[in-house]
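Chains here go by letter, A, B, C and D, matching the order in which they are written, and residues are numbered from 1 within each.
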């Protein structure tokens, strides 16, 4: 993270090594085989079925914030093993090596269409985006930073839930992050949430459900208990879209489902709308 | 109202003229014939089926507030006929003569178990408890009086809805009374509502639903649209207790259903509990 | 847009028919042959039509107004939102139970200034009408509206509400989920919202369902809109046990914009294009835009405590009563 | 009350059996005939039992604690409410959708002082268990709790919450009505409530369902209660795909009151009567009452802004992390 991944990542996308597996991607949903270049250009949304594939935190930042505007904070926070939980230390080490970062929650300052923001992005590839002490601490520090600096906060969520390896410490991150949201709320700092695939359990039951505006990517899994749990309990009664963005929209829990390519202008518009300084706004183009 | 009805009423109850119709009452629900004296002693609750018969405002005050503690305010407010609505003036005159009062909403100050309160009681026998300008004005004046004097407010509701003879004026009483509740709320003045049979439509959709605590008498009709409307629309799908106190309790809209004889101690307890001055409370007897 | 005339519009329709006749090529030929000045004739009929329309629409009965207010081709909230505002972004949901499509709302720009706009929305075709429950909001609609109003308050954005509903939904589901509570809560919260609120009744102002989003610092009303404590049909049914006497009831209820304005219950009547908003939605939108801008500009100048005091007093003084000195005794 | 022993209680049950034997009249006759000092023998066994119990219950494994916390004859919220408080008056409903009986709450007196008490309530018999959904609250339960907490705040009454839930309800209905939103909202609102809050985990502290009413200035926990991010069975299923390894998972999760206290996540462990709260509910209630009173007395002395700052910081500092200086590069 701390070593210019943005540029490196971009270079990778622009000049893929020309082996078959690099040239082609397969849609995880409809299994359509797509030119990797087209897949990347389409922001990892399947051109055939519209499936929004998961992004790493770096990819998300790249397509969301202004070029080179992101400065990470607290990137060196790392987990301890307070419970001496079986295999946790080893899993952490493996995750560090696999992802090149110390935690799945990447936070920092950035700009979107020139508007300064505090932004956090969850990376599901780091231990399933599970929220442990480090994610919680980074979110709270981001929110406290935003409050001090009067910056709006944007969080991209993705999580399988609390990190059970940290036991009650991880449960308490729900209270801790939500208390930080309460302070943002009191200070009237805009707080925007983008639910991405998948956002569940303890994260959905805390800061992810507390945005002034809650957006969700199309087709994302969004639910409290795992869908498997639900299925076992209730069988065929479940609606087809159970625990998706679409289900949550229908049930009044989110404001809008947004196609990935519309996300940046949508966020920019909301930032301008809520921005404390803004008194007059120019009409945006019709892309919103 | 302004001429000692409390005493007069009591006298009536104690020495009924000994004609058959005075000696016996018939339950409106189960048709049981009851000794009038027992019926009165049981606060007009049928000893057989428990049906709570409607009370006049005077009867309600008599069984609720401390003896001789009620002082009416604004009792001389009377309706005008701003729309020159067909037959309205005549209906008003007839209602005055039939009830001996100028409006169905009786308001004033009183004490309950020694605790000073501002109290309003709706009398369904005056034009079906319909809310016109006078009821609205009297409620607002009562609430403003309570705010000035730091008195808790208790309202006994009973209404068929807005008084259509006053058109938009009567609709606006919903906004007017609710705005007064908002000010009570801001001043942290306790506001207790007792829904009595029947409380519907515009009254239920304004001040009657805004109590800090909402009590309801057992078996009272409590609903938005008239039950007949509902029936016509939906037929057999309606639950048996649709638009009753019990239905509303089930659906989370009221705090407690209270038997008439428990109402006074229940109110007294809540007044003591919420009372701003109270720091220590004695245990009440077990009647609550 | 094809306009289906009301009964009271028939004289206009007849003149329209004459104008169509006069424009036919054969008619032109015929006139030339007979030396008749067709242009003058057309102009005469046009003038007659304008005169007739001005007269007709200036003297609509309350029941005719009711029909105008309910007219299925009348502009609805989203039509006005599209014309009056820029960059409307619809927000969904009450965060409690559902997303009621009988109410729409979200951030938008009015003359480049950010506002929160909320409207009751009927459907244009049968499918949309069902989806939007004919503009009758469930509790979730009122709760969504309140959520958006609180959002607006938090970020100091004025609120604009557009009223157009036959009534609040009153069926089993609405009762189960607390339709009364939802309306009542809005009526308690709106007086305390620390931002300007401008309400416009654009079509049907249907009793509590309308009022539930209409506690504004300014309440405007289109010329042919209605605002009533009860639908005339319901009133007739109660008074005379005859829903067919709705026209009579509409008269008794005095549910027109003009009456509401006279009574001091509505602040301004917005003049519609001749013949009604549906005959020229662009012109109606321009009128609305101008009025909203005008009132918001005024309201923005008022310090918040004063604004709230004025809002309270505005509704506080509504009603008509008298003080009687004599005592009434029951017979 | 008939107590069904756990496996780990079998040695105690055996001594109980011996004591019963020793008390039989024949035994007494036999002892007299043989000149045995029966009283001394009984006393010896009693002492042995006490010693064994002290040892056993002081060294319960996390899994044994889990069984204790879930014990069906353990006192539930309403049992404590009856013993600890006077004049509890239950209030119903969330004013939105329903009245969830998995949560009870209302005004009550604690040592003559008015408080708002809210508890999660399991059922004692099958019928009550179903009615109370086994103590798993729906969204309406959390919303009722919040409504009552706001009522308490409005009238400056401290709040006491009693936690005892396997988990929040997670089925279709709960998801439809926003179980996540309901818990999250409580977690945002509780830190801002301007009155003291004392929470006691009396039985099962089941993850988010517990936390949803547990953001207290003081969090107390009974000696044999548990508080966990996930039920041990679920943890075992995820880690080892084997729910039968729940005992192992309970150990790994360190879900006991003693661990939570060591970790600084719980402020005080309330000592239970020997053998568990269910063996002497009156004594357990007395302990709870004393602790609640003690902490409330302390909290009442703290000015509200300081109280809120302390509450924020209390949860703010929860978690364990470290700062790494070296850079990690992906492989």
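Quick note on the criterion: a contact is a pair of C-beta atoms (placed from the backbone, for glycine too) under 8 Å apart; a residue touches a chain by one contact, two chains touch by 3 or more.
No experiment lies behind these values; they were computed from the predicted model shown.
A.B. asks: Starting from the defined contact criterion, work out which chains touch subunit C and subunit D both, please.
C.D. replies: Where subunit C and subunit D share a partner, that partner set is A, B.
A.B. asks: Need the most distant chain from subunit A, centre defined as the mean of C-alpha atoms.
C.D. replies: Using the mean of the C-alpha atoms as each chain's centre, the farthest one from subunit A is B.
A.B. asks: Distance-wise, how many Å sit between the C-alpha centres of subunit A and subunit B, to the nearest whole number?
C.D. replies: The mean C-alpha positions of subunit A and subunit B differ by 54 Å.
A.B. asks: State, to the nearest whole Å, the distance from the C-alpha centre of subunit B to the C-alpha centre of subunit D.
C.D. replies: Whole-Å distance between the two chain centres: 42.
A.B. asks: Centroid from C-alpha atoms only, then distance subunit B to subunit C, rounded to Å. What do you get?
C.D. replies: The separation of the two C-alpha centroids amounts to 35 Å.
A.B. asks: For subunit A, jot down the residues that touch at least 2 other chains.
C.D. replies: Subunit A, residues with two or more chain partners: 185, 209, 251-253.
A.B. asks: Give me the residues of subunit D that touch two or more other chains.
C.D. replies: Answer for subunit D, listing residues that touch two or more other chains: 95-97, 176-178, 181.
A.B. asks: Quick check of your reading of the touch definition: is the inter-chain graph here a line, ring, star, complete or other?
C.D. replies: The chain contacts form none of line, ring, star or complete graph.
A.B. asks: Tell me, which pairs of chains are in touch?
C.D. replies: A-C, A-D, B-C, B-D, C-D
A.B. asks: Within the complex, which stretch of subunit A touches subunit C?
C.D. replies: 185, 188, 190, 209, 212-213, 249-256, 266, 269-270, 272-274, 276, 278-284, 288
A.B. asks: Show me the residue ranges of subunit C that touch subunit D in the complex, using the header's touch definition.
C.D. replies: My answer: residues 95-97, 139, 176-178, 181.
A.B. asks: Considering the complex alone, what residue numbers of subunit D touch subunit B?
C.D. replies: Those residues of subunit D that touch subunit B are 86-87, 89-99, 107, 109, 112-114, 140, 144, 151, 154-157.
A.B. asks: Taking the touch rule as given, give the residues of subunit A at its contact with subunit D in the complex, in rising order.
C.D. replies: 2-3, 76-80, 82-83, 85-86, 96-102, 132-134, 136-137, 140, 162, 164, 166-176, 178-183, 185-186, 201-202, 204-210, 223-225, 229-230, 233-234, 237-239, 242-243, 247, 251-253
A.B. asks: Note which residues of subunit D are touching subunit A in the complex, please.
C.D. replies: Residues of subunit D touching subunit A: 168, 170-172, 174-181, 183-185, 187-189, 191-192, 207-208, 211-212, 214-215, 227-230, 235, 238-239, 252-255, 259-260, 263, 265, 311-312, 315-316, 318-325, 327-331.
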